[in-house]
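Every chain is named by a letter (A, B, C, D, E and F) in the order it is written, and numbering of its residues begins at 1.
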Amino acid sequence: MFVGPNASFTNDKFPRSKQYPAAYLQTLVEDDASIGANATVLPGVKIGIGAMIGAGAVVTKDVPARAIVAGNPGRVVGYAGAAEIDDRDRSLPADFGAGVIRLAGTDERRGRLFVADDGTVPFVPKRFFLVDKVPVGEARGNHAHHVSQQFLVAAAGQITVAVDDGRRAFAVKLSRPDLGIYLPPRTWSMQYGHSPDAVLLVLTSDAYNRAGYISDYREFCKITLAASGE
Amino acid sequence: MFVGPNASFTNDKFPRSKQYPAAYLQTLVEDDASIGANATVLPGVKIGIGAMIGAGAVVTKDVPARAIVAGNPGRVVGYAGAAEIDDRDRSLPADFGAGVIRLAGTDERRGRLFVADDGTVPFVPKRFFLVDKVPVGEARGNHAHHVSQQFLVAAAGQITVAVDDGRRAFAVKLSRPDLGIYLPPRTWSMQYGHSPDAVLLVLTSDAYNRAGYISDYREFCKITLAASGE
Amino acid sequence: MFVGPNASFTNDKFPRSKQYPAAYLQTLVEDDASIGANATVLPGVKIGIGAMIGAGAVVTKDVPARAIVAGNPGRVVGYAGAAEIDDRDRSLPADFGAGVIRLAGTDERRGRLFVADDGTVPFVPKRFFLVDKVPVGEARGNHAHHVSQQFLVAAAGQITVAVDDGRRAFAVKLSRPDLGIYLPPRTWSMQYGHSPDAVLLVLTSDAYNRAGYISDYREFCKITLAASGE
Amino acid sequence: MFVGPNASFTNDKFPRSKQYPAAYLQTLVEDDASIGANATVLPGVKIGIGAMIGAGAVVTKDVPARAIVAGNPGRVVGYAGAAEIDDRDRSLPADFGAGVIRLAGTDERRGRLFVADDGTVPFVPKRFFLVDKVPVGEARGNHAHHVSQQFLVAAAGQITVAVDDGRRAFAVKLSRPDLGIYLPPRTWSMQYGHSPDAVLLVLTSDAYNRAGYISDYREFCKITLAASGE
Amino acid sequence: MFVGPNASFTNDKFPRSKQYPAAYLQTLVEDDASIGANATVLPGVKIGIGAMIGAGAVVTKDVPARAIVAGNPGRVVGYAGAAEIDDRDRSLPADFGAGVIRLAGTDERRGRLFVADDGTVPFVPKRFFLVDKVPVGEARGNHAHHVSQQFLVAAAGQITVAVDDGRRAFAVKLSRPDLGIYLPPRTWSMQYGHSPDAVLLVLTSDAYNRAGYISDYREFCKITLAASGE
Amino acid sequence: MFVGPNASFTNDKFPRSKQYPAAYLQTLVEDDASIGANATVLPGVKIGIGAMIGAGAVVTKDVPARAIVAGNPGRVVGYAGAAEIDDRDRSLPADFGAGVIRLAGTDERRGRLFVADDGTVPFVPKRFFLVDKVPVGEARGNHAHHVSQQFLVAAAGQITVAVDDGRRAFAVKLSRPDLGIYLPPRTWSMQYGHSPDAVLLVLTSDAYNRAGYISDYREFCKITLAASGE
């Protein structure tokens, strides 16, 4: 943990007073996190591995692993160490597991239609979900799957999807419904930068299985390290 | 065909002139269509079976079967003979093939998530597509499938989905991502009433098969009549 | 009643057809109403005294007395014979019963406050109501009161208030919360031209009394004629 | 007064410089106020009794009694010690003087109308005012009345009304014109959380009387303590 | 003049009535204009040379030469005989006098800047003007200049500029501030299709000179015919 | 340089960590700049002459001369020492070189037109440019010209233009296309406070000449001092 000058770790959101006592909450800063100068961390907040708190930021809630937080109140604005990729301009490296898939489509006077035919996405979706109304600055996801594959599309609005295979990370900005991102198993992902009208569609290759989630970034790193060693 | 007083069938969008001649186009009005008083039908337009053109409407493009058209320019505002159903209030009759399916969901500070787990929708989706940017007053769909099943969700905005099994028809207004409509095979559907921000997600049980479409309403009626006679 | 060329009175919104029969509905056009060329009047609609239907308009619902209707579908766009008055520019004649009253106010960095103190409005309000979400083109009001006085303010948005003492009429556009219009007894009023965000605040001098309403314009004219003869 | 680590009280908004000298202004922090870690308080600002300045907040103007301030620039986001009540879900305790009153109403195609008839509100309004264009994060009110009663309605938009009888406090979120809040005499109130389109309608039981205001929270507490002891 | 079936020429906006008499106004339809079926033309309106009134349109005000009008109320939607050109896709023919000129520009994080240096536009501007708040469906311009040259840029929003050299006509949709259209002398131009936020910047090669305008399309045709014969 | 209590100068945006090292960047604070209490200045940032960093501000990029910066992230909110002038209310002093010029105009139903005829602006424009999409809080300009004159108009939206002749400075808020500001040679200008829809039109008296720019505020002061001594 690296902490800049004048950063404050408070043990109460508001200092103790007769009238409005608050419970004592432990703040936890994990390995490799860094905290900028003059940043303020509220009590009870957990700052994940490799997270970066910008100078002057006020951290009011948990920070996911490798999330970059800035502003007052603090908002997730990036994924540490990830190159930013705009879906319109560039694609992910060929040897990286995750990749952008383009849906065939038509754009005509009567509206637009973008289709994933049998074979477009490399799995048959057993499950899908929609995510919307995510507040500005919020981050979601922050887990990987042991075996499940996923396909993410910004059905409306814009969303940035950070993808991380344990060695490299990219932040892919999705902003149109004909471009989705495929996530193979053992890919850590965080979604952030939602526009107010963003709707994320996620299709998954497997039914829900609690045991299939990797929710701890440290464990994720061990698993991917082991897998790459095979 | 029933035509009200003063309705005009023009054989040219603009009357013939030396400077801007236009090709002669045949207007086709199919069985059971009705055309209101003072309505204007532009040349070359096809008005489908059972369509209803409101009084004073100006029809500038093809009208699907059973579509109700009003205004200048004419816009699709209903499906003739269909009871309107709001997704929040009522459900379709139990003995009707199509039905509204609720997705499980969470609505919390970090955003909303609505999920279709294995079994929520009665088929495994082989194909999906997204439809957006549909102009106000446009109608899409206007076909049934011989064997394919579909599941339609308004991922964003509002859309009205008319469903018709050849005997009864309902117009279901979708306005939230946790309520979708399931369409069994041999269900005719028209989508209309899109809000400007509407995004329709459609999942289908089968890969694309041109031969599986029933695009003629008359043929659809024969097929459903034959099927119900079994 | 004066009717222009090619105007249609339909006896069915959609012409009679085997499949979708409709009840026979009587259309009623009252004295002094005028109907423009090529206008279309739907069945069952009542067109009030002195109303004016613009050329080409399609009238789909009842038209209040003296309302001016234009467009397809027809929307109320004016009050026949009324001079238009913008609240910012001019005031009503001194010898006209109704009048614009300015509320004292402050406009500062912390917001604006407009106040009606004791005496600002010439009655103590026994009752008040708020009207909002009025669709574009709709008209409300269309009655007078035998003894009750009213004060109308556009708390938000814009609203045009037609006021008519039986001899003269004015259409006052309210567009700011510091200007309201006072209506003495026996003043006919119609509100129209609501902006989508319009909220009308009405304060009345008397409790609700069904018998106090004058809802028929012909009766209103007789009453004001009698009153002025005194 | 409780002050967290690294909080700064500056005696000049910008530090003294040859070119732009600024007057010396005294900062005043009243009893029971608390100031979070790393918070910055600008010179000349008065922080009211029981106010809470969040960690990292930058206080640029006076803070009312019991206001909770957060962000840079600091904005009022709550009322210290008040339970939040959504007007749609729950009501205030029966033994609490202030209460939510529902206006009778109709919601139809032609618009909505919500009415307070004689008796709906427990006083005849002598005075009313409208408040709009309140900037995001601003707080208004911050006083009680010795004898005057009030009724507050969000005629448009959303507003949170904190009500405090000296012993208990609640923050009631008003978001629809058919629900208003009644304030008996000796009820301290602060309004905050205005949406950009918010319009507050206030009706009062008495004409304006400068002497009827209780503008000092300490005095308010003494008065309510004395009143409850009777 | 060619007139379709059921078209109405009214001699009064509202038919004559005792209460609201209207002056008799002459309607004028110029050469080569065409009027669609069921169209309605209000009294006193002038329909310019070569204008085309769509089927069912209600014409409430003067129609410029070659303007295409549709809807109720009628709005200018095109320029008769003009090929539509999107500024992003194609350019005007090389042998056509008017042409699209691209401004050099930069698009960076700090904003965009588009510049016309000395020489970008083939004249030194003596005069410039800005046009904004043009209502939807309105048309402006409708004249040529004997000697003055012009350069038009959509500084904000979208505008369609019809340009006509007397032999050929094009409708160029301007939608970005780095693309303007240059008009040589003796180029007739009509601007229409303004988006609500449109701002048109016009620079002219000459000071204002009333005698330099060609405001009659018939005269314009004669002048260009004579000029081309030289 | 004057620095308030608890202000931090960080030598890394995020403190040094094994995983994400950052280059060492020198922070430069020029003469007469002042930095408020608890402000945070990121590494590598240059703070210009006379700039004022507000208490608690987080400075993430270069600050122009005399710019006032506030908030997190820091945004330009003013020009130090400049009196604010609203274009609608007041004009600049007669003996100040820069001045507001009103364009003649018409505001009618068909739209508004504002024109600068030959002579309205005291030079013939050799060059013009448009600036749009400037992010909220950004500042542009920050230079003067040795001989070139300029005329600035807010073609759309609002923009504040700070003008400084080396002795006095004013901040003129432009918010309508009929009011522009003329800048004689040797006038330093900074534009800030752009609304999201702002479009700035600038006309200049001379062709582009890199040598004609005065981009250093210190040099500008010397030049104006020398010029006034003549």
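To be clear about the criterion, a contact is a pair of C-beta atoms (placed from the backbone, for glycine too) under 8 Å apart; a residue touches a chain by one contact, two chains touch by 3 or more.
Only a predicted model underlies this, so the values are computations on that prediction, with no experimental measurement involved.
Engineer: Touching chain A and chain E alike: which chains?
Structural biologist: Neighbours common to chain A and chain E are B, F.
Engineer: If contact pairs are compared by residue number, which of E-F, A-B or B-C agrees with B-E in over half of them?
Structural biologist: Most of the contact pairs in B-E are shared with B-C.
Engineer: Same or different interface residues for chain C and chain E, judged by whether over half of the residue numbers are used by both?
Structural biologist: Since fewer than half of the residue numbers are used by both chains, the interface counts as different.
Engineer: Quick check for the class: compute each chain's Cα centroid; which one is farthest from the centroid of chain B?
Structural biologist: Of all chains, F has its centre farthest from that of chain B.
Engineer: What chain lies farthest away from chain D once each centre is taken as the mean of the Cα atoms?
Structural biologist: E
Engineer: Angle of the rotation mapping chain B onto its copy chain C, from a C-alpha fit, rounded to a multiple of 5 degrees, please.
Structural biologist: Rotation angle, to the nearest 5: 120 degrees.
Engineer: Per the centroid of Cα atoms for each chain, what is the distance between chain B and chain D, given in Å?
Structural biologist: 51
Engineer: Between chain C and chain D, what's the gap in Å when you average each chain's C-alpha atoms?
Structural biologist: 38
Engineer: Where the CA atoms of chain D average out and where those of chain F average out, how many Å apart are those spots?
Structural biologist: About 38 Å separates the centre of chain D from that of chain F.
Engineer: Could you list the positions in chain A whose residues touch two or more of the other chains?
Structural biologist: Expected reply: 6, 38, 56, 58, 72.
Engineer: Which pairs of chains touch each other?
Structural biologist: According to the stated criterion, the contacting chain pairs are A-B, A-D, A-F, B-C, B-E, C-D, C-E, D-F, E-F.
Engineer: Which part of chain A faces chain D closely enough to touch in the complex?
Structural biologist: So the residues of chain A in touch with chain D come to 6, 8-10, 12-20, 38-40, 42, 56, 58, 72-73.
Engineer: Which of the residues in chain C end up touching chain D in this complex?
Structural biologist: 103, 107, 109-118, 124-135, 138, 140, 153, 155-156, 177, 194, 197, 199, 201, 203, 207-208
Engineer: What residues on chain D touch chain A, complex-wise?
Structural biologist: 2-6, 32, 34-38, 50, 52-58, 68, 70-72, 80-81
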